[in-house]
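Reading through the structure tokens given below for one structure.
Each chain carries a letter (A, B, C and D) given by its place in the written order, and its residues are counted from 1.
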Amino acid sequence: MIFILKRGVSQEQVDKFVAGWEQQGLSAFVRPGTEHTAVCLIGNTAHVDMERVVELEPIVDYARRVTEPYKLVSRTVQQENTIIRVGGAEYSPSTFPVISGPCSVESEEQVVLIAKRIKAAGARLLRGGAFKPRTSPYSFQGLGEEGLRFLLTAKQETGLPIVTEIMNQTQIPLFEDVDVVQIGARNMQNFDLLKAVGRMGKTVLLKRGLANTIEELLMSAEYLMSEGCENIILCERGIRTFETMTRNTLDLSAVVLLKQKCHLPVIVDPSHAAGIRSLVPPLSKAALAVGADGLMVETHNDPAKALCDGAQSLDLDMFDKLMDDLKTRAPLEGRTI
Amino acid sequence: MIFILKRGVSQEQVDKFVAGWEQQGLSAFVRPGTEHTAVCLIGNTAHVDMERVVELEPIVDYARRVTEPYKLVSRTVQQENTIIRVGGAEYSPSTFPVISGPCSVESEEQVVLIAKRIKAAGARLLRGGAFKPRTSPYSFQGLGEEGLRFLLTAKQETGLPIVTEIMNQTQIPLFEDVDVVQIGARNMQNFDLLKAVGRMGKTVLLKRGLANTIEELLMSAEYLMSEGCENIILCERGIRTFETMTRNTLDLSAVVLLKQKCHLPVIVDPSHAAGIRSLVPPLSKAALAVGADGLMVETHNDPAKALCDGAQSLDLDMFDKLMDDLKTRAPLEGRTI
Amino acid sequence: MIFILKRGVSQEQVDKFVAGWEQQGLSAFVRPGTEHTAVCLIGNTAHVDMERVVELEPIVDYARRVTEPYKLVSRTVQQENTIIRVGGAEYSPSTFPVISGPCSVESEEQVVLIAKRIKAAGARLLRGGAFKPRTSPYSFQGLGEEGLRFLLTAKQETGLPIVTEIMNQTQIPLFEDVDVVQIGARNMQNFDLLKAVGRMGKTVLLKRGLANTIEELLMSAEYLMSEGCENIILCERGIRTFETMTRNTLDLSAVVLLKQKCHLPVIVDPSHAAGIRSLVPPLSKAALAVGADGLMVETHNDPAKALCDGAQSLDLDMFDKLMDDLKTRAPLEGRTI
Amino acid sequence: MIFILKRGVSQEQVDKFVAGWEQQGLSAFVRPGTEHTAVCLIGNTAHVDMERVVELEPIVDYARRVTEPYKLVSRTVQQENTIIRVGGAEYSPSTFPVISGPCSVESEEQVVLIAKRIKAAGARLLRGGAFKPRTSPYSFQGLGEEGLRFLLTAKQETGLPIVTEIMNQTQIPLFEDVDVVQIGARNMQNFDLLKAVGRMGKTVLLKRGLANTIEELLMSAEYLMSEGCENIILCERGIRTFETMTRNTLDLSAVVLLKQKCHLPVIVDPSHAAGIRSLVPPLSKAALAVGADGLMVETHNDPAKALCDGAQSLDLDMFDKLMDDLKTRAPLEGRTI
């Protein structure tokens, strides 16, 4: 159940209103908007008489029962787009920040070199894997803490905020200086991890699981937000289908639907979706055209020698070319790269 | 097995070369290119000594064994894009013709009205269903022959070539004046229909089946081409996945892969893929950006009253707006609408 | 809308009742049961006042609006199982007839040899492909009419009724002596073929399409039945999923659900589902245990040399062993082989 | 790379052999069998000259390069079935233990009552959720530690060993008295959890993820085994497909393939696969018939009031009936319940 409060209501009035509900055993989340504040009740609200509340509570403009299972992330609760700022990057309807970097951090030299090149090309954030989820226990599992240190060095040298994946909640202390904490596709429904990361006070990049529906992605974002996390970036990265010629099937319709139903920014990762280098530039352009709020693209200084996912990484010259193509097209979508 | 012949080889030499293979029980298809002619052998070629052929046949430049199961549609056999002209419309790397019209033809007035409006907006071909495949025997099955007549009237009034679906080979005589014969998604592997339509001498629009792989689509095009059909337009229209929020999942990666592997034009039908009107414009822009050679978009003069698929049809004002958006973006992809 | 008539209603009364509806532009199908006759109205019944009908029509016991999109095939309309007899074979809750034979008929000797062996092992019907749907135009497409003649010879020599696939409606005259006309998975939604085959007066074996839902299968059976076809055998044969280790994923839950919702017999084809010989016997036993009404299993006298689908065919000794295993287990399910 | 050692080789000889490989930077796992010991080399073995090893090492019978990505769980490495004993229950080719209990533990009385009834019916292990993964943050998340205590009480009162799900590695200390630690479908590729649980020295029940392939399931079992876990029970519980009438599609072919490729026991969970009570008994019988080594079936004393997944739980009388059906059929498969 959602209450939209009248304009000009004081903080004190809101606090009193919330306290009233909490005495009845319900949770009440306050969502201030630019014009109106919304209050979102969670718990068994079957006994609440909506019309009486509007009548009796002078601060309430109108009340509405919500049937979608997600609430805090819903556009019904917050109509304005959530704007997220990380370092110099901004996620908003008028920007299109590109995250780039290697699948896994391999050495300090490598990640610094890549960071400089992608920054020059116009990327706004640096990504790199330090802890890598791998299907086989015998595959390279990432450099771990050392990898995180190399990323921080690259951040110092370039000023680019960093994005990297957390694999379990015991790693939280290591992520203190990370700008954006990524929850990978395989952990999208690791609910305990969502709760713990939701309490970190960080910007979170939440990737869609490869067999998860759009609604399940929104419910996982709801887990984060119900723990107090405000800055969540959703990421479409391909779903598992019967088609075997691509690694996964990129679902660009999901971008449009997520933005209709939810106020959070939505980006696209064409590299993991396709698993094939030559598909990354056309899918990136399609992501911009379909209305995505940004991209995450894998790059490598020498893809043929990459320790992980080389086949889908762009080399740095290809990345320059892609950024040029995006810069030409972004103004038509009302965005700047 | 494919032979690329030397430049300047005479027709007589080619005929003799082909006749030699046919005496050995193999079929040989000749594919003339702008510079080189390719000859494609079909049948059990295991016993053919490729190197000896190159040595002994002075007209052969080089020979190659093909491992892809498709041959005639393959870029290996024909590197140049197939250019298709239908009425005033042209499918080529520098054009982006848009097909539009109602899901099913409902009356002469309706289809003429829509045809005039979409032509004014820049559409190049008119589509409309006369014979409709419907899941239920109790749903409206189309106007049949009368529907075809109405389409022809609309063609006369506007000059737009017409595209309409054939459902079985007994209907072939009725399609004499149809410009582009559509094979629907459910008939993509109706092999007897493919063979019969392949012999019609028409341009064919072949839609991907909702559970068919990219390779299977190419094999079905191969059926058409092996019967002599040269002008085939492939159409991605969404595949069936676990996601239920859209009717199907549009697979734009398939567009890129089809164009890499095959010389035929590839278009996108966002209306049937999404099943939701508001997704059609963004997916259309994405199709242009990803490299498609055209679009097929459902329109209706009054979607709320459509006898079929109203929820996914654009009304005529929305179509005007979409065409404007496409015209602004097409030059960046080197195309004209 | 369905009316259940009172016991002892005369044919004349029923005819008058039906005629009344037809005057109102509705179709009325009569479905006699062992105790009660059901009348099923098709068309726009929104204006029909159900309660008034029960009140005014003395022969009506009760009336019910149906929300399922299928009617004639529904258990709501006919609670008793449809019993189907073909030659000496019977489909019923107390039998478990096994259909067997080669994927494609290769010669008269082959099919007669296989027919004799499978009959000795306890099979009740002989299957064999004469017209074969193949993904590639260059694959063996079956012996055609000659193949049908070989099947008929085998029927004469063994007395086994024959099952074989029709690929398009122009072949109908050739199927005069065929006992069970099979509609293959790829043609499950070839609606024109369904209508034409529904009028043949034959028993039809309808296979589930590899990307079709349970409800769509029931709708295709409804197409057949609405043309007058009473004897329809449904067949689960695997659906297309992301798993690549089997050709398709056999969906045994579908067998249970189909039997709950529909009065027609449901059989299982484990050979096409799995595509791997060693999976056929365990999946056959599972089909019996789950409640299927029969099986269709591919056999070949020399699988290694089969012209089609050899990898999934049992050799004749394996088939003997499987039939022994089924005969031991059938009594526990209240069935005889 | 796998070495099969000669019969009668001493422990000392094995240790020396292993040490030799470890000096070369490779890991060597020793897998003693009833007749032969296998040694499995992991790491980059490209430089190892297989033939020379057989020649030079007198204890080696033969050597083989493995192409499957899994090794320790493979039947190539261990041909004999792994027999697992937990309390009085045994997983082996001649047994068919049934695990049962409520989706989530709701109270001490409830779980003790259910435990007594299922034990009387023939169940061998008790399951119950204490920590519950739920799609929504607002759904009941289980009783947590209190739930574990109630399970232990039920174990004391009935002697049934208990199976319950762990959701993250910080919970490991709480699972000291749990007999079988379950890794749920959503955690099948939570690789850090697999590693931590693999070191617990417990029997592990590993469920297939709803979008994971058979090979990925084997790779996750390989994670457990490479950490020293010997007793792993694999569980097929349905995969996500386009079909919406069931919650998931139970893939019984996977049971057969897993047992062909791997030496671990494989059980089936029909409750979560189907999500519909009436499908559980027929699918259970099918699981026995297809060759599964056991079952996991949800039961509840009052399904209509269950806090979680009531729609798929059997009531206790239905469970009695199912166990009777299984007991009649198990001898035909050479098993005892």
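Note that in this section a contact is a pair of C-beta atoms (placed from the backbone, for glycine too) under 8 Å apart; a residue touches a chain by one contact, two chains touch by 3 or more.
Please read all numbers here as calculations on a predicted model, not as lab measurements.
Chemist: What's the farthest chain from subunit B if centres are computed as the mean of the Cα atoms?
Modeler: D
Chemist: Contact counts by the stated rule: is the higher one at C-D or A-C?
Modeler: If we tally the contacting C-beta pairs, C-D comes out ahead.
Chemist: Rounded to a whole Å, what is the gap between the Cα centroids of subunit C and subunit D?
Modeler: The answer is 38 Å.
Chemist: Can you compute the centre-to-centre distance for subunit A and subunit C, using the mean CA position of each chain? Integer Å is fine.
Modeler: Here the centre of subunit C sits 49 Å away from the centre of subunit A.
Chemist: Using the touch rule from the top of the page, what residues of subunit D touch 2 or more other chains?
Modeler: Expected reply: 211, 240-242, 244.
Chemist: So in the complex, which bits of subunit A are touching subunit C?
Modeler: These residues of subunit A touch subunit C: 211, 240-242, 244.
Chemist: Okay, in this complex, where on subunit A does subunit B touch?
Modeler: Going through subunit A, the ones touching subunit B are 211, 213-215, 239, 241-246, 249-257, 260, 273-274, 278-279, 282-283, 285-291, 328-329, 332.
Chemist: Inside the complex, what are the residues of subunit B that reach subunit C?
Modeler: Touching subunit C from subunit B are residues 42-43, 69, 133-138, 167-170, 186-187, 189-193, 195, 209-211, 216, 219, 222-223, 226, 240.
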